[in-house]
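Worksheet: the structure to be examined is printed underneath.
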Amino acid sequence: MNLYVPDEKGAIMIKVGVVGATGYAGEEVIKILSKHRQVKIAELSAIIDKEEPFSSIFPAFKGVVDLVCKKPNPEEMAKNVDLVFLGLPHRVSMEVAPAFLKAKKRVVDLSADYRLPPDTYKTWYGVEHKDKGNLPVAVYGLPELYREKIEKAQLIANPGCYPTGVILGIAPMLKEKAIDPASIIVDSKSGVTGAGRKADISLSFAELNENFKAYKVNAHQHKPEINKVLSDAAGAAINIIFVPHLVPMNRGILSTIYMKLSGAMDTKKLLALYKDFYKGKPFVRVADEDKFPQIRDVVMTNYCDIGVKVSGDTAIVVSCIDNLTKGAAGQAVQNMNIMCGFDEREALL
Amino acid sequence: MNLYVPDEKGAIMIKVGVVGATGYAGEEVIKILSKHRQVKIAELSAIIDKEEPFSSIFPAFKGVVDLVCKKPNPEEMAKNVDLVFLGLPHRVSMEVAPAFLKAKKRVVDLSADYRLPPDTYKTWYGVEHKDKGNLPVAVYGLPELYREKIEKAQLIANPGCYPTGVILGIAPMLKEKAIDPASIIVDSKSGVTGAGRKADISLSFAELNENFKAYKVNAHQHKPEINKVLSDAAGAAINIIFVPHLVPMNRGILSTIYMKLSGAMDTKKLLALYKDFYKGKPFVRVADEDKFPQIRDVVMTNYCDIGVKVSGDTAIVVSCIDNLTKGAAGQAVQNMNIMCGFDEREALL
Amino acid sequence: MNLYVPDEKGAIMIKVGVVGATGYAGEEVIKILSKHRQVKIAELSAIIDKEEPFSSIFPAFKGVVDLVCKKPNPEEMAKNVDLVFLGLPHRVSMEVAPAFLKAKKRVVDLSADYRLPPDTYKTWYGVEHKDKGNLPVAVYGLPELYREKIEKAQLIANPGCYPTGVILGIAPMLKEKAIDPASIIVDSKSGVTGAGRKADISLSFAELNENFKAYKVNAHQHKPEINKVLSDAAGAAINIIFVPHLVPMNRGILSTIYMKLSGAMDTKKLLALYKDFYKGKPFVRVADEDKFPQIRDVVMTNYCDIGVKVSGDTAIVVSCIDNLTKGAAGQAVQNMNIMCGFDEREALL
Amino acid sequence: MNLYVPDEKGAIMIKVGVVGATGYAGEEVIKILSKHRQVKIAELSAIIDKEEPFSSIFPAFKGVVDLVCKKPNPEEMAKNVDLVFLGLPHRVSMEVAPAFLKAKKRVVDLSADYRLPPDTYKTWYGVEHKDKGNLPVAVYGLPELYREKIEKAQLIANPGCYPTGVILGIAPMLKEKAIDPASIIVDSKSGVTGAGRKADISLSFAELNENFKAYKVNAHQHKPEINKVLSDAAGAAINIIFVPHLVPMNRGILSTIYMKLSGAMDTKKLLALYKDFYKGKPFVRVADEDKFPQIRDVVMTNYCDIGVKVSGDTAIVVSCIDNLTKGAAGQAVQNMNIMCGFDEREALL
């Protein structure tokens, strides 16, 4: 709950809606927005049996967000909001976004539906894209790379959780042409909320607790998303090796990245390269020499922490985010802040 | 795998089947039986899409139990086994057990279907009992209380997980008339495998991890089972207060039991009472004064550890088991050992 | 970080210090204060090898709290702060508080040093009290019971973690004389940060993970604290049964409380009694009928969630807090807010 | 406890001692030996305050191993055992082993003290080696590579936990010259018992739970051990990239290994290569195509499970063990079984 109203002069206050309020990402967007001083949460919807206060579904929100969560009706919701967050499953978002876009409302989509070209999308998500009209105007919402486009965007494709940490870990190297772009190996480890909230034995406590495993070995749907953005950054086709793993913890992604250096480099120089690249970016923190990030330092925050080291001809980069914050809801709010001219950090610090 | 065959003279070897092989209790029975030197696992069945080696379903069993797991066919299985374990959901066991009993085979049922009188069963499990014919001959398989009956039984109602630890914690007091039987309060805490293996959001990692809660407050279906056995022990109707809780760990139940003493008693006397009651019982260990049991000392074992203390007019008893071993599969094998004249401890130490 | 300065008219801004900044409670106070709009964190100290930025010790605070953490020097710190939080071990606080009190500064002490009369203190903490002069003016900082005294206090004895949840769960019954005061049984379960940050094998991951145990059975040092406050509320000596347990999770305490009703009562009436008692108290939420609280709904918040049920002549009350927030640092800030005339909820919602 | 004595004809029964009985590895050796039918646990020792039954120190062993644990006295113990396991810290083993070797007893050392040449040892463990006389006769106890030498060994250097899984994952490729030996990248993830049982804040529950981190990035002391064994296998100097990580679980190590193929290869051929290499090795299981191992399938077992995949010119190998079993105590017993002519699998299945 936000106790203080911003003073009158210049204060902007917008009305916001959340579609898919009961998923992990939707719930997290709502939690962050409840602390935002220039936002009024105006509408919530989800596929539910009966319409009831959001705080009846999630008792944690009692006294914090007691607004009724409605059944989905995009056209109706569009009348009552300035901006909407879509916390929907892949393949569903592209059926819902057009109603808001048509009504000239801003959309931050947390699914994968507006992140890939239609052919790549079809290959990895198994269906024909249903909103090819809006796809070209979508802006990939990674503020550290695309801030200027985000400022003017109407539709944001909010990045996937793995891509956020991985791209932030690699982009400086590509921009500086410091590595062999064919040599990138990414070994990622994620907490289990990354898989979303659903009834599935493979997500049950007893299957995941005291367990650790690789999955979708070099075949995860976030790989083409990473490849696309890195290829844009490098100006050449990039194809990484990408192996994700599941860690028995709720939140967080740590990626260990191995790259062959294209020329002589030591850790100090590498560190300078990263610190320089992220200068003035409030949500990326580069660790000092011999320090590496850990999940507990970024969990429940919008930070991406990065540590780097040179070993022989190999650069080792460790990048670390909270998958539900910087990897989803926090970055979505960061994008909204930029789109609306708010302080980029509002509700996120 | 069992490397040594027992020598010829007197060695009994029986053929055993497991119905419901893919549930937590069924899987655990199979794991224990794989180490048993007088048992041949002859048949496995479960509701599965296709018949395949058990070790293809659970890779942990590769090289250990590679027997094919079949679709259920009780009549056929009965031809090929001497004894069967039923690791089935409540309400299903009573439809399967009769086929084995009719074929004169022994049955150890791990469900609740043969534990309660028909009227109590209907009240708590919501359906009419379907095998009232066999119900009266079922023996409640708690060896520390009913060893002699178990030796001669054809059908064992293997106790529930909560009842096992709770009854072992209270029975000595009732037998010695050391407490007011109307004063029993049981506060139990269970690991999450107690709820079984099923697709359910409420059992997912992210809902249970870093969480703790009470559930079915004084309304859990194990309460009438506990009441029935304790009433038998006391020779009078007993109605406990019973609140179970869910702990973010895979296995184990710890119950803290509060009872009003009926007369003067100190901790030393109480300890003597418990040590005396469980003398010669290999699977109950009573802790010394000022020591209390913990889950990690019983996990993956068939032990029930008990600690006791007197505070004023209150006896505090802490009892501790592994819910899948002493609370289910281990006790089931212990019952089989007793029924078949094997060493009670075989495969359990 | 606090992005907006409060407007000029009437805005109060105070300078705050934290002694014991590197313990769990101290760290949590700092995290909460970093979001507080009427507080400037002016001084941090702890027993450390070298003075360095707080964010060098805890990288999570990089860019959030970069203030240097000094070695302890109460007299010096007192010159530079209006109010100080003491996040020190028991027995140490009473050596540090006097310097601040003498300098006329406000003190919120998170240790047990000012919570008990000197004789009880000696019995449970093993040493003679060293600041008997200030002990009588200390106010027990449980705002839901002692708000008026807190408003005027100079020295706050911030309640223990167990006592906070337990007292809030029982006080309404005593005030309404609804129970037999001799019948109270409290079964508490705590996450492991309750034991503080220290090098101790018994606190290591491998000892606690996948484990659950009772400890200090009816002999925990928080028992006399609970007894004292409840006795004050009842106007008669109260001596509860209190058994704490350790849950393999970081944060949270859930207490299940059993009390004998003194007269006829049903769940609806009981619920009304609790809702009435906590009306207007922003940080206590009473659950609706048949609902019970869980840790995940209060974790990282200052809420105490309560659920109640009548079973025969027994009232069952479940109370739930975050041990580091409402059970320590959050309540400490709530007390500061009340002492300073700020909104009680500032930085806590 | 072992219920059956082996029959007379041909049965060997040896007396065994464990030095360092209270560490994780020592405790695990004792647990395994308690099920071994050709071993009598004759002596236990550890650095302890007073000599008492092992089951008083670890209540889990009550009724299982009640032997008194003594203070260390290698010369005395050597008189009473045929073989000893040393579960000691690095740098201590080399002071204890000579007493047993001098007395012509067999030694299985679980520390790193006999695994490396003296100069490498000094570089990584910081001290001059103190038993250079016995160092050359030590056999590296990885049975899948060195079975014949182990059969005749008096002193076994039991492999480190990381090296066991990593070497088993890479050795087949080097033997078949299927990869560029300069291209090996190993990303390992370990449960926390790998760090041993000690009082250390960095090992405490609250620091590790809900956390994940890299540590000793390409600077872990197991790297030279891996390099040495792989260099022997390749017949050329090998220098891997090795980054270990800490997973919030008790047991298990999963290593994801990336290698550049030296020639054309597909997943089927790679799979055949591994299955062929490990044919007849009872404790290595190679998963079928598209399957990858997970910790829960090997935990509490002596198996190493391996899964492989080719992606372009890269081979991805996932190897998985229980760090305390195949990575320490289980492999130690496997070595003993081979040294003594027992079935390699005794007490391990």
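In this document, chain identifiers A, B, C and D correspond to the written order of the chains, with residue numbering beginning at 1 in each.
Going forward, a residue touches a chain if its C-beta (ideal position, glycine included) is under 8 Å from a C-beta of that chain, and two chains touch if they have at least 3 such contacts.
Predicted, not measured: the structure shown is a model, and the values here were computed from it.
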> Between A-C and A-D, which chain pair is linked by more C-beta pairs in contact?
Replying inline: A-D
> Taking each chain's centre as the mean of its CA atoms, which one is farthest from the centre of subunit C?
Replying inline: D
>> On a C-alpha centroid basis, what's the spacing between subunit A and subunit C, in Å?
In response: 35
>> What's the distance between the Cα centroids of subunit A and subunit B, rounded to whole Å?
In response: 46
> Taking each chain's centre as its mean C-alpha position, how far apart are subunit A and subunit D in Å?
Replying inline: 41
>> For subunit B, give me the residues that contact two or more of the other chains.
In response: 207, 209-210, 248-250, 293-294, 296
> Quick one: in the complex, what on subunit B touches subunit D?
Replying inline: 1, 3-4, 6-7, 35, 37, 58-60, 62-64, 210, 282, 285, 287, 291, 293-294, 296-298, 300-301, 303, 305, 343, 345-346, 349
> Along subunit A, where are the residues that touch subunit D in the complex?
Replying inline: 185, 187, 189, 191, 207, 209-215, 217-218, 239, 241, 243, 245, 247-252, 254, 256, 258, 292-296, 299, 307, 309, 311-312, 314, 316, 318
> Which of the residues in subunit C end up touching subunit D in this complex?
Replying inline: 24, 192-193, 197-201, 203-210, 248-250
